[in-house]
Amino acid sequence: MKQLLKNKNSRTNMITYLVVIVAYLIMQTLNSMDMLGSSVRGYLVPLCVYISLAVSLNLLVGICGELSLGHAGFMGIGAFSGIVIASLLKGTVQSDTLRLIAAMIAGGAMAGVMGFLIGIPVLRLRGDYLAIVTLAFGEIMKNIVGNTYVGVDDTGFHFAISPTKMRLGEGGKYFINGPLGATGVEKLANFTMGFLLVMVTLFVVLNLINSKEGRAIRAVRDNRIAAESVGINVTAFRMKAFVVSAFLAGMAGALFGLNYSAITATKFNFNTSINILVFVVLGGMGNILGSVISATVLYILPEAMRGLEDFRMILYAVVLILVMLFTWSPKFKEATAVFTGKIKGIFRPGKEAGNNE
Amino acid sequence: MKKFVALLLAALMAVSLFAGCGASGDEGTTPQTEATGSASGDEGTTPQSESTDSANAGSEAPALKIGMTGPLTGSTSEYGLAVRGGMEIAVEEINAMGGLQIEFRAEDDEADGSDKAVSAYNTLKDWGMQIFAGAVTTGSSLAIAAETVNDQIFMLTPSASAADVAMTGPNIYQMCFTDPNQGASAAELMAQEWPEAVIGVIYDSSDAYSSGIADGFLSKAEELGLNVAVDDAAFTADNKADLSTQVTQCKDAGCDMVFLPFYYTEAAQVLTYADTIGYQPTFFGCDGMDGILNVEGFDTSLAEGLVLMTPFDANATDEATVSFVTKFKENNDGKIPNQFAADGYDVIYALYDACVAAGIDGNTPAEEACQLLQEQFATLTIDGLTGKGMTWDENGMIAKDPAAVVVTDGVYVPLG
Amino acid sequence: MNEYSKKMLKVPTYTLLREQDMDKLPVLDVRNLGIDFGGLTAVDSFNITIGPTEISGLIGPNGAGKTTIFNLLTSVYQPTRGSILINGIDTKGMTTHKVTKLGIARTFQNIRLFTDMTALDNVKVGLHNEIKCPFVCSLFHVPPYQKAEKRATEKAMELLDFMGLADIADQKAGSLPYGVQRRLEIVRALATNPSIVLLDEPAAGMNPSETTELMHQIRRIRDTFHIAIFLIEHDMNLVMNVCEAIAVVNYGRIIAKGTPDEIRQDPAVIEAYLGREEGKAEC
Amino acid sequence: MQVLQYLINGISIGAVYAIIALGYTMVYGIAKMLNFAHGDVIMVGAYISFCVTNYLGLPAIVSVIAAMGVCTILGIIIEKLAYKPLRGTSSLAVLITAIGVSYFLQNAAQLIWSSSPKNFTSIVTMDPIALFDGRLIITGEVLVTVLISALVMVGLTLFTGKTKTGKAMRAVSEDRDAAQLMGINVNQTISTTFAIGSALAAIAGVLLCSTVPTLMPTTGSMPGIRAFTAAVLGGIGSIPGAMLGGILLGIIETLSKAYLSTQFSDAIVFSVLIIILLVKPAGLLGKQVQEKV
């Protein structure tokens, strides 16, 4: 353990886990003491979902250096397949928790398979071209899911991707009803499961980063040609990262879908993908704890600003721009460096401020 | 070590922000949220009333808290803002009458249909909402409906028209027509007035409202044996910038009647393009079409002969409508209200009438109000801006006359 | 293998083999290699055979196509003509990482280290294929993986120590001095367990004492790991002292091949390359 | 005949995409950033033009000039405040800031002009040309849009090829550091690019709303993304590529709606994009840059 803490990476990881666990315990305690309002209780699950999405996208954007604009597409696949699986298992599996887990795994698997299939052609592209193709993928998914019908009636299970409404027999029930989306979904999600999802996501992503796979992925990002020259199969590694990221997004999507009684395909649009990307970039590329914190803050922010009424979204935009400028601008970084240097100088008299190097 | 402390601090800050939010949410009406969306400058109650049942017992009953969610920002905010505007007028009028006072609050749900919608609703719940008068869009209503069933909060949506909304629970009622019903009535009307017409249908396949009506229309049309030549001219929210193809399809199929079950925003586009290419069929719209004559810059002559089924006519000369339209214009920079605003207005009055009849006031717990209102709505009959003698069936769906009008010289004239 | 050996005997003129390698399979055997870039022939009729423990050099004026040849050997470019056999296996159509697995490793003219990673991690990336552990194992950090990882760290440290870089193991590669970066790149190449290492101007940017040190190290690498080394270098002192065989290219073609002494006296080389001796300082 | 009509419809919307894409591609080529706020500058341009004609009663041409002026200033301000401080950092950071700017413009427009749609009166007063007894109709908007986007394309090509500023732009686009060393004021050049891009956005906004009359605060966002797609399709950074990509995208969209499926037309359009990029990874007219080893 001592040795573990010596390693800087493992120390950062421990902190990340610790922060999440402590936050969970605090929220759970407050919740059990009935000290949370409905709105805060309402945030808990989607917040966990967005944290997971941000962390899994960070694997792709921050660690691999691949810009993806279609993360919400994977989330959507996960959500809808999770909903279908949860509904189908209703009669056979009694435990809600087991059903939720099954739905999440199915959602993840479905998204992972999709990620793999898309990855085969797409991962040949790089940079902004990869970005536009992932955007295209998200739009295709949204369009197709919006015309998908899944349901059961007396004659059994029905599935159709069709421009005209699929009709079920008398007493049939739609799980996914085209543009209306999934309605009458049983709410299985809960905060503990959200917390577990975050932990699993963190575990997978952090372990991946700190394994030989992660080392290889970082090498590929740093210098693709050199990585290839030492025998690293670049395409395979991009694919692995892509599929893992899609899988995690699918799991998060399934939890999200099962947290609401109705959901439509339009939720998983470009804007949602962009929002997740904003969490990642603001939290710092490759900084997992940063993603967790920025997803939390940015998700809560517009909610906390409800009091501003019609000015809410415009102020959110202003805050977003300002935060980006403050965290990324070289000038501002310089200014803060000088500032912290001065502070250090106060505490360490005798040494010239800002001249510590 | 320094970094560790820094990170821990950051984390603690995040947690405290989170918890801080929780606390403020819990109190419901912090000063900053108090002003929100409430059109209640002149009410007699203190906004600090934390809960509805205990604090003010004995003194005069606090105001009844009615909440609404809808898109107040974003691409569909037009509808949310209209409903809010209509509701605010009704609340002002009611509060001015004395008697039962209403405190009203609107929250932005961004027409999101999942997390944002539920969180807007939760914010209202924390505020102490007793009756829910939303949501505006079908997606958000579907997501919130299940919550209201759990919480036993009465829900009367002004404009969420999918049949599934009311079917979610016994506590959910609708003020507008349900989509399949509206589609079916349109088909019936066509069969009656234009039995020989060659019909084309253009609809928004990414929108529940539009595809719901189209679906209801097509199945009824099949039953009635109408001649539908084009039934798949759909568009989506992403590609509605260009509707020329769909219009051309109808033109090429020789349609002399084109059914447009979507909002006037896109309809204006269809009418303009059809005019450009000299295509002059009879256009037939639904309640979402109301408002087309008031689009700024729109040449109303293009809408000449347009048939639409709307429950509301802003140009009507009856006293109620005139007064409503005047007030709405005053409050909204001269904007003319559409049926969304009228539905919102009617919702507040329906709730008010029912509450007065059932003796519900600011002290009634939401669950109790929910029960009482359900009993009331079973027998309630309302005369409003969007219809006379409106009643509700046991599913919570409204029964009102689908008044069909035809645009003549820039105003609505009853059909026939 | 026999088949191959027979072939070798048929075309003895290609070889620059040292005597002790005569009865062994050559590690690199290039036949009639050529590449065109949009009508422009960059390399043509390039033939070379390198024995398993040979140190050979590739020299030629700037723009002669030396680095292009290295890129062809490591499949960064696919050749238009000819064949490359590494340890007897044809690399036609293979990607770079596959060719690396056949036993060829390289350094780059414009150093390509993983600048954001530590020196140790750079070497461990080179050891990637040595850590044999399935994806799931490394994902869950199971004990066998941790053991393999530990072994890799030890091996990487050994390699760093070999080149005298053990004390900078924890420093970011990008922050190291130029000469150290060059040596680190060699260590990373060695980590892939190659049978031949291609060094692209290993002494570029080094001062004379560093260069002398490098010469010793190049010999030591061959003698310790028993591998072949093929290097591009402009520093004639290094080339003539270290290489046992030299090939000279100009305009993409070999103009001379032989021992350092033979090259020194070759009239074609003198004309094309050494003739510009007075300009040597500029190189 | 039917096919021709669909083709013309496709070219009509495609030319609008093209002119928006020209703005995207120019900014991308030189500043190397995806300016997701471009679509919203278009919207602002359209609103300005609408206000000038409808509220001030001035002729259409004045409204276009006014829109260009306002958008140019807006573009410069956005660049100075939001993008310039981040120059030289991760391009992703600028992308996110651009998204912030996009949100800002949309919400500001909602506060200023309200969210109710306005019906934009076409600036083209030409009557449609009816051919083959009215079975084929070419609207004035189509002709004007195609003409103007072609003019803009040629103009931009000449500008970047012949003028000093244009050459500086190309130099910055090729190699920013080298250009700086050659004495080119990179910041100035990039600001000029934004100014030109924003002026183009104003024209694009007017043309977009002349073709598609509904004007709302979100009017620019979806065509913006489509145009971005078109720019990538044609090879982002390439001026003729943007034109080709835009027209092609419009045609594909219209034909897939007409003959394949209206419901799945989004999926079809984006699938075509993916397929084209797989065959030509740098877009139709884009330069494939080989990484030097």
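Read from first to last, the chains carry the letters A, B, C and D; within each, the first residue is number 1.
As a convention for this text, contacts are C-beta pairs under 8 Å (C-beta built on N, C-alpha and C of every residue); 3 or more make two chains touch, one makes a residue touch a chain.
As the structure is a computational prediction, the values presented were derived from the model and not from experiment.
Trainee: Among the chains, which has its CA centre at the largest distance from chain A's?
Mentor: Using the mean of the C-alpha atoms as each chain's centre, the farthest one from chain A is C.
Trainee: If you tally the C-beta contacts, which comes out ahead, A-B or B-D?
Mentor: If we tally the contacting C-beta pairs, A-B comes out ahead.
Trainee: Using mean C-alpha positions as chain centres, tell me how far chain A is from chain B in Å, no decimals.
Mentor: 32
Trainee: Take the average of all CA coordinates in chain C, do the same for chain D, and state the distance between these two points in whole angstrom.
Mentor: Averaging C-alpha atoms per chain gives centres 50 Å apart.
Trainee: So, what's the distance in Å between the C-alpha centres of chain C and chain B?
Mentor: 73
Trainee: Quick one: chain B and chain D, Cα centre-to-centre, how many Å?
Mentor: Whole-Å distance between the two chain centres: 35.
Trainee: Going by the contact rule already set, what residues in chain D reach two or more other chains?
Mentor: Where chain D meets two or more other chains at a single residue, that happens at 107, 110, 261-263, 266, 293.
Trainee: Using the touch definition from the top, which residues of chain C touch two or more other chains?
Mentor: 76, 108, in rising order.
Trainee: Of all the residues in chain B, which ones touch at least 2 other chains?
Mentor: 73-74, 205, 232, 234, 236-238
Trainee: Which of the residues in chain D end up touching chain B in this complex?
Mentor: Residue positions touching the partner: 2, 5-6, 9, 12-13, 50, 54, 106-107, 110, 114-121, 128, 130, 134, 137, 139, 141, 208, 211-218, 221-223, 226, 250, 253-254, 257-258, 261-263, 265-266, 269.
Trainee: Within their complex, state which residues of chain B touch chain D.
Mentor: Listed in rising order, the residues are 73-75, 77-78, 81, 205, 232-242, 244-246, 248-249, 252, 264-266, 268-269, 272, 276-278, 295-299, 333, 335.
Trainee: Looking at the complex, which residues from chain D come into contact with chain A?
Mentor: Per the touch definition, chain D meets chain A at residues 28, 34, 82, 85-86, 88-90, 92-93, 95-97, 99-101, 103-104, 107-108, 110-111, 225, 228-229, 232, 236, 261-264, 266-267, 270-271, 273-274, 277-278, 281-283, 291, 293.
Trainee: Which of the residues in chain C end up touching chain A in this complex?
Mentor: These residues of chain C touch chain A: 74, 76, 95-98, 100-101, 105-106, 108, 112-117, 121, 124-126, 128-129, 131, 133, 135, 138-141, 145, 149, 152, 188-189, 191-192.
Trainee: Note which residues of chain A are touching chain D in the complex, please.
Mentor: Touch residues, chain A against chain D: 61, 67, 121-122, 124-126, 128-129, 131-133, 135-137, 139-140, 142-144, 147, 163, 224-225, 270, 274, 277-278, 281-282, 285, 310-311, 313-314, 316-318, 320-321, 324-325, 328-332.
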